[in-house]
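Across the two complexes that follow, chain A remains constant while its partner is chain B and subsequently chain C.
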Partner chain A sequence: MTENNVLVQVLCLRKYFPLGGGLFGGKTGLVKAVDGISFEIRRGETLGLVGESGCGKSTTGRAILQLHKPTSGQVFFEDTDLTRLSAEELRRLRPKMQMIFQDPYASLNPRHSVGKIVGEPLVIHKVMRKGSQELEDRVAELLELVGMDPSYVRRFPHEFSGGQRQRIGIARALSLNPSFIVCDEPISALDVSIQAQVVNLMQDLQQQLGLTYLLIAHDLSMVKHVSHRIAVMYLGKIMELADRNALFDNPLHPYTQSLNSAVPLPVPRLERQRRRFILKGDPPSPAFPPSGCVFHTRCPLAIEKCVAVEPEPSDPYPGHTVVCHLADQSGRSKIPELGGRAEK
Partner chain B sequence: MATENTRPQDSADTLLDVERTFTDRLAYAGRFLWRDRSGVVGLVLFLIVVLAAVFAPQLSHYDPLEQNLRDNKMPPAWSEGGSWDHPFGTDNLGRDNFARILYGARVSLTVGFFGVLIAGGLGMVVGAIAGYVGGRFDDVIMALVNLVLSLPYLLFVVFIASVLGRSLLNVILIFGITDSPIFARVARGEVLRMRRSGYVESAISAGARWPRVLFDHIMPNLIGPLITLATFEMSRMIFYEAGLGFLGLSVPPSVPSWGNMLAAGRKYLTSSPWIAAFPGLAIMFTSLGMNLLGDWLRDVLDPRLRRARK
Partner chain C sequence: MPAILKVRNLVTKFHTLDGIVNAVNGVSFDLHEGETLAIVGESGSGKSVTVMSLLGLIPSPPGQVEGGTALFSGPGGQRDLLKLSRQELREVRGGQIGFVFQDPISSLNPILTIGEQIAESLVRHQMMSREKARERSIELLTVVGIPDPRQRYGNYPHQFSGGMRQRVMIAIAIACSPEIVIADEPTTALDVTIQAQILDLFKRLRETLGMAVIWITHDLGVVAGIAERVLVMYGGRVLEIAPVDDLYERPQHPYTHGLLGALPRLDERESRRLVSIKGNPPDLLIPVRHCPFAWRCEYAFDRCWQEIPPLSPAGIQHKVACFYSIEQGGPRSD
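After this line comes the complex of A and B, so read on.
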């Protein structure tokens, strides 16, 4: 909004899904999928959004793109508040923000040819006419850009492997020259051998085209590899947000630390020596979130205050935001098993 | 990918390709059909019934209603006392069985076709809208659908038949209305599944308006399952129409329908079994043919099953 290098600013975004319903039944509850999160995405960066499944990562991505209408909060894209736009105004802004989907098998219409899939956004926004030479050239160019043979335009999605399908999905997302792309677990459905290819492709494209990514993922090592900054989500809230290195070298939130300790190290000697901290139990239901700090039910360091009072975001280091009562520079929020100096 | 080095023309998806010419697709469908012999059998049986219905006056010079009591209960041509003049024999009133079977196919196919047309049209529109719009509208529609499904069907038929009288139109309407919930349910389920699938969401995120989403992405993927369902439902309706005819609840007894013929032949089952046997066989083969055809269509129209068939 104010600063020029911020592309997307999310302010106190909430998305609640009503439970129950039916013809006669009233609402029986609310699932607080995303509960008041704020962050910004800078131009040209990759912001990683990580967390367990069901913590609201994907909902956040969709709520930013207004594919799920947010319950409350604001999303500024450049200087426009997306939540206040009419459907038609939003439609006209859509070319600038696109999405890459998790499941490359479900995200391509099985009845449409590759050419039609990749060219569809261009036709929708009347950039080019259906069947025009211009459109064919652009589709061929896009396929080449994502490393596919342009002669595949007449083929159908089921003729391709998962990695190739994901490339088609990326080509489709790029067709309108977007500046911002939400990548919803773009590689989690792919074979490990293909994952690296797609990740590298995404990074190359980012440099080539100056793209800004919101990368939603649960694979920490992948996020670490490609993100500039990382936000850690738990039960609809952001727990910690910091530069990649700060988050991995000096994680302040106990949740981040436990996630971090689960990432395998590539060096066997270090891997043998390191200590892990595995969280016990499952995350609570987002329909009935715990009182105070939502993480207190699983936090090894929780104190009475955590049960009663919801922590506010604080910045113990510049650019390093954490939501924890214990987090400060003293290291009170470090889990001792992992080598932190806790004094509990 | 197995299809990596095959040319696109050889792929199984070409049946519904937009880019292909009509003759290409027809040739492809033919090749595909040949690979599935039970589909061929189904298609042949179905075509026989259709041809019989269309060319009934040409295939038999007898009027199905013309009575000739002197020649009554004549056995079929190949048994003793029969004549090729009446290949399937005659019934208790001396009417030509063969002609009645041919004209009976008209009744069955009319009921099946228009019944499915009404049920399918109504069900698809209502179900697709309910699935697409969702919310309160969906709740109300689905409650209505369950209401119609819970109607005791036979009682409903008896009621309509006694209030409005026995006529072909009434039978079609009854089938059309009582069967539409099944189409509505399938259509709604498919639309719901598609709305959550990525390609509909990606079309929306690309800025597609609802007509494009509905007609370009949802409808084409809805046609396959519904055509398959229509085949099975049509076979079911032909079956039930015969059942109603047997109970005396379908078309008036003067109309030569397979059900009416069965009912009339019941009394002579021991002495002249052919009177009931031929309409029974006609119902059986029509039903069998349509079910085989439906099985085949289901596999051809569903891209996921299509590969397994190869």
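After this line comes the complex of A and C, so read on.
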């Protein structure tokens, strides 16, 4: 991997939120939503970021785009450290980094026409003038790009279904020719038959325009389908990061293994025979993360070291990073119920 | 296997300012003793309205059950659920028919302890004394896997996580040993590892208690692991009903076919292009006199636009409402 291949580099990113609720609105603690994560996103790839609710995946996306000011850490976009930029410098870089949101109902202004929604970024960034022919042409082009009839420009969001609204959101994100798009649960509010439409569109656009995606989602099957590499988050930390097939064929972290085993397969015969390991309990609160490895309270393989010492990332295989004391090539980090080797 | 519930030609409409929403348009099915029947559909397919109609939980106005029968063979003989009085329905609900909804936080009373809410059902339906109901509730909390049930009995819903609240809902649903449990998207709001816990609990309970289950969901992965038979709904109608293996291996309706093709699978190594079903879900304000899926169907031909296809046999226990046979590559022979 040459340096040039990396579009976004995240270094030890942290985002803590103060916990309110004390008497007179005082702070009573910190929620460590994102707690020291590092990874890179390569040009033209889709990096999937998966995890369950509250694991900090959405906060990570927003902190990368500086929509949440990171508590500490660095985010390099090409060669620029976004965390050190002034508001004005950041504004000039914004066109290159865009976002697609989860809720197609809440993310479009109901009082603006489709034309205004899609064209607005161009006007705000003074690329084109309001009311110009050039702008009208560009909006029509964008609508066509996302598979919508350009004659819809004068219609309003309420006239469209969820899938069409998500297309409008995508057209808006593409208007400034970005190179990087953070997609935060882009299809989870949509019906199954519509999800496939939107996913196919996102993949086509990536090919056509050479886009780089950070895809934040909780649906493992869909993330695997779309992503080239996948990072698994738990309680503000990345537990494992690997190529899509490596992560599913040879998951090293016990959390990744249990997550894989919990996803139902839409094949009754396989589903009935499958080996399964069911995690016990609920994830702990990110306001009071456990000591040592944050997963130790639910990990079936945890040893004393896991309670006391926080594990460092290691790469048992090239390009396969895992944060677990047990993970190595010996297979001792595999859960026995899932066919792994029992060794304690 | 004898049918414990026979639903025939159920019709439910909502009279709104925009017009009449044709939510359920003649739904028929049987639920057999001890089986799990999944009702699958996307938003607006009428899957929830169907079971809400059976339970008498349709808000009226604007909703109205306008036709059909639902013969329930309970301990007291056969009765039509759609003809019961409010009082009689209240006795059936939570007694012989238990239910679990998607969102446990809005189904539980925030100002009663969870123990009181389980006990209430026992006192009302089984005439238990307060003390006996309390002991039985603590047992039920143990059965559904709540740690420290004796302490947790006095906790309020907000002190529980989403998964734990759903366990409480299940305890209430099974409290009176019901013949049927209706579960409406019970795991949709939960994370996948918590969903796995709840699915596991449900399977165990079904083995020990032997009740029949109607499981409503949009998730074909969940269905694969839990159901014996599957009913596919679209636009307020049944498009296909079949044993679970048959439905996934030989889907007969183009819609079912498309839905299965639209799903990415965790066990696939190579990424294929997902099958996308063109177009949008149906507008229920427009009454249809033809196949509700015709607009989006790549196989639709003249007849599909002229009449509503009836549910017809397409295999052993397999029925489909479609004039076209994907297997034969042409119109289905009658």
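Here is the rule we go by: the second predicted complex is superposed on the first by the 333 of 344 C-alpha atoms of A that agree within 3 Å, B and C clash if a C-alpha of one lies under 4 Å from a C-alpha of the other, contacts with A are read in each partner's own complex, and residues count from 1 in each chain.
As a convention for this text, a residue touches a chain if its C-beta (ideal position, glycine included) is under 8 Å from a C-beta of that chain, and two chains touch if they have at least 3 such contacts.
Computed from a predicted structure; not experimentally measured.
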Answer with clash or fit: chain B and chain C placed together on chain A by superposition. fit
Taking the superposition on A as described, I'd like to know which of chain B and chain C A:P18 touches: first, second, both or neither. neither
With the two structures laid over each other on chain A, which partner does A:S161 touch: chain B (first), chain C (second), both, or neither? both
In the overlaid three-chain picture, which partner chain does A:G131 touch, first (chain B) or second (chain C), both, or neither? neither
Per the contact definition in the header, classify A:A106: touching chain B only (first), chain C only (second), both, or neither. first
Looking at A:G319 after the superposition, I want to know if it touches chain B, chain C, both of them or none. Which is it: first, second, both, neither? neither
For A:G29, is the partner it touches chain B (first), chain C (second), both, or none of the two (neither)? neither
Kindly classify A:R269 by the partners it touches after superposition: chain B alone (first), chain C alone (second), both, or neither? second
Rounded in steps of 10, the angle in degrees at the Cα centre of chain A between chain B and chain C is 70
Is A:N200 touching the first partner chain B, the second partner chain C, both, or neither of them? second
Distance of closest approach, chain C and chain B, by C-alpha atoms in Å: 5
On chain A, positions contacted by chain B and by chain C: 161, 164
Tell me, which parts of chain B touch chain A in their complex? 1, 3-4, 8, 11, 13, 16-19, 139-140, 142-143, 197-199, 201-209, 212, 217, 220-221, 303-304, 307
Contact footprint of chain B on chain A as seen in their complex: 21-23, 65, 67, 91-92, 94-95, 98-99, 101-103, 106-113, 116, 120-121, 124-125, 154-156, 158-161, 164, 169, 172, 176
Chain A - residues contacting chain C, complex: 52-53, 161, 163-164, 191-197, 199-200, 203, 218, 220-222, 224-226, 245, 248-249, 258-272, 276, 278-280, 282-283
Mind listing the chain C positions that touch chain A in their complex? 42-43, 161, 163-164, 191-197, 199-200, 218-225, 244-245, 248, 258-269, 271, 273-278, 280-281, 296
